[in-house]
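Shared chain: subunit A. Partners: subunit B in the first complex, subunit C in the second.
Entry: the complex of A and B
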């Protein structure tokens, strides 16, 4: 059997170390990875601070109120940083994996996966910080509406936290209730099954990074919602409803990524699939990479949601039209997530690469390459969502021109999809018509 | 265990490289979407200038597409006309 020997050599070298030393080293790396989440609160709270300063300079009279809203919003934006810190501290001071039974390789990978998944916290941190900034601005302009503005801001921020919570759950499952350790992995250092399980643990963490998207998008919607409530209090109900509707759509990519993560953890089809273990392991990683594309659509859809909420405050009478344009535009922005989901499911359930007779390393690299290519979907997703938001705004301002506004929006969105399609074609070529195999 | 040949290593790296190259598609996607949004906004503001607005939007989007196509070309070269194999 041809094997990917440089990796096997590395693993054999690795496995010469004491089992405890291995798990502790992986935990050290994982603690570092988890802390990357701190990017989000940093960026978001910085934005909030900037908007707070701006608000005070524009309206010095209401500086107390706007500063308070800024601080409250920034406190919420800290959540993801704290959650990541907790996971890192667990890994350092209360590491449950050290005394866990099972394959050392799978336990190491689980620690890494638990750290990687927390990176999703970047999204909620940025998004909630944006909402805090917009809330501070809105309160400085209308200090008497402070309670309604704060309520809308908190509501939107709470929604923006969800994907960060998904990531936390995946992380805690990997640390405390790891289903991958339930499989009996008999034999030597890195048995074939242990290899697939390890790749799945890392992939489960990688996939939920897609949660960055909904966090940012929903946070934007929350900010625009708070701003809209400040500008037109008597449409509060409609504004909040539109904000939540759009935020729900933005959540989809995060949920689909969570589904792939849970499949890898609880119903992993790769373990029972017959085929080379190395290709199957690479397919798990490839599927997770593909799902990261969901960051794009969810940011874009969140933008559209925010613009729709704003549109309701601009022209409450056109709520039906602006909501429809938002929904149609957001539906198109979903394309990249769906294409990525298809590639991920192909890799997991009907992997064409395992039945190809060729060099293992090329087939494995092709699985990872196919997943990497799909990350391009981030772009079309963000862009199409922006178009959906701007289209919604334009229709709210001039509802009588809905038809031609939508035509322009659709046309532009179609153009924006092209690079996502190129990526899909490369992914499909790598999986189904791989030209590299015959070159060996 | 058979050793991996240098050729296999280059081909495997080419598969990953082709995937990585496609990530460039993020840029045109964001940029063209922005153009689409501004186009829709413009048509809403000046409906009578629809033709001109759409033409400018598409012109700009075509320019924005280039780097995505460069990425595609590199991926296709890596897959179908790999020059690296000849250098081995």
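Entry: the complex of A and C
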């Protein structure tokens, strides 16, 4: 235990303060963290404004329509910023945690977790902004199709909001209906259980940050969908269906991250696991870090979804072939999320670190390190998704070569997985054959 | 492995625990066998209802296999068909209040290991054992460990992709039913499940029907693609 003394000293120092003061200070940090989500709408609306200006210059006659679509789309892109603002205002003016019963440590961590989770709003903001820009552009090219383009854009933007909503749910659960506070823990200096619960609260918020990915990806798909509808109105149904199918696949990583977050909140296996509480707490954080890798696959899959919608508008007859290539390419792009999920589940359910005899601080650091390593999966995910998108486009142009196009795409995707596999090896080594412990 | 959300052990035979996964799998097997028997009992020149349906299913699967794996590998169609029907029925078992067998990592990894063995058996068979082994040393010999890891990652991602998607739906539906039950008791004050009617239906459509059918298709298609790439 000597190694954890520094942290125990820190906790004892914390506990010298008034309980109320502690919760209020954590709320202050959380309110700041939540507002980071503002990155998204800022970037997205900027893109929309740029595209809007461009659209007006291409077709000055329809400048009114383009500007209106740009403004409508940008208003939707504001949503994540507003949701983050709401959480921050709740923390500042109607803080439910101040009068909550329970361990001060867990309440502090819940406030911070509630703030961190809102960072997921970066994704929908960027994605919806992209869709708004593409919508404005499409309207400038075909002003008479404005209603159809707006409808497709709104539909796609609504889908892109979902992971932001997941984050909001986790945040509100932590603030108002916190299941972690239901466990009886003694006040005063952090008890072992309170420590695990606090780590879980922060980890629940961290995991849903993966929602950045689906937000961006689905927004891209929405933009390409709106553009496609503008170019070929009579395939509208097929284009929208393809866009939604692709967007649903892009959602997967966000859902899996939400599942890990919900497990930490409602079915937390770490609380009942016997083992050093310090390692268990680090494992919760490590599992959440691993899930952040989902940002990559979902951006990539969103790109593929957008390209598929575009492909349908280029060549509506090859819809079967392009959808198939998009689905399979996107499934491969999912690999990084799946490998991260495996690492997260190992950390949560059959954690090998708790049964190793060694310095606790090294074992805890290894749990976090294993999770951090998996974030590398962002790269292969984006890259493989790009390959899937280009493969889809290629098949739409020359459907008769589907087999050889897919072959090249798969081979390239396998190579792109390499760095993700390296990361997995390091994560597994850290958990199962850790060489650092014997060096002490 | 999944603790609080894992399958319940239904009963034991000679000390071997039989989980919900196994009993539901038996149930699905029984349905598939029964349907196959009923649909093919009396073949007629002019097919009627059941036979018509069966022929459509078989034709679709044959067509899918031919299109993806090529005419030469049409022999895989019966396995591919069985695979997609079993996974699809397993995935939508949640609609009927059963725990999907594919929400158990043992089922999905079992299926993924079968695909893994097929990839390597048929790869070695069509290329010859030595040229096949040599493939692991390409583009150069130092990449051997990486090639092996890459091959092992295939069944892991295949099995956990299916498992993760289905268990995700199971956990979210579980929590939703729990939350709705709590809300009903709080709002109405009596323990009659009113809110649980209707509200979860939309999520069932997404997680069980949509994700379930889609994931069974993806698993089967990837199996076909991996095996046919290994053969070529």
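By our rule, the second predicted complex is superposed on the first by the 435 of 440 C-alpha atoms of A that agree within 3 Å, B and C clash if a C-alpha of one lies under 4 Å from a C-alpha of the other, contacts with A are read in each partner's own complex, and residues count from 1 in each chain.
In this text, contacts are C-beta pairs under 8 Å (C-beta built on N, C-alpha and C of every residue); 3 or more make two chains touch, one makes a residue touch a chain.
What you see is a predicted model; the values in this text were computed from it and never measured.
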Which of subunit B and subunit C A:56 touches, first, second, both or neither: neither
Comparing the two partners subunit B and subunit C, which touches a greater set of residues in subunit A: B
Subunit B versus subunit C as contact partner of A:8, first or second or both or neither: first
Touching partner for A:418 - first (subunit B), second (subunit C), both, neither: both
Subunit B versus subunit C as contact partner of A:264, first or second or both or neither: neither
Touched partner set for A:338, first subunit B, second subunit C, both or neither: second
Subunit B versus subunit C as contact partner of A:404, first or second or both or neither: first
Touching partner for A:248 - first (subunit B), second (subunit C), both, neither: second
Common ground on subunit A, meaning residues reached by subunit C in one complex and by subunit B in the other: 406, 417-418
List of subunit C residues in touch with subunit A within their complex: 1-5, 70, 146, 149-150, 153, 156-157, 160-161, 164-165, 167-168, 171-172, 175, 206, 210-211, 214, 217-218, 221-222, 225, 229, 232
Subunit B residues touching subunit A - in the complex, by the definition given at the top: 1-5, 7-9, 11-20, 22-45, 47, 50, 53-54, 57-58, 61, 65, 68-69, 71-72, 75-76, 79-80, 82, 85
Touching residues (chain side subunit A, partner subunit C) in the complex: 248-249, 252, 255-256, 258-259, 262-263, 266-267, 269, 272, 324, 327-328, 331-332, 334-335, 337-339, 341-342, 345, 348-350, 403, 406-407, 410, 414, 417-418, 421, 424-425
Residues of subunit A that touch subunit B when the two form their complex: 1-6, 8, 296, 300, 336, 359, 361-362, 364-366, 368-391, 393-395, 397-398, 401, 404-406, 408-409, 411-413, 415-420, 422-423, 426-427, 429-430, 434-437, 439-440
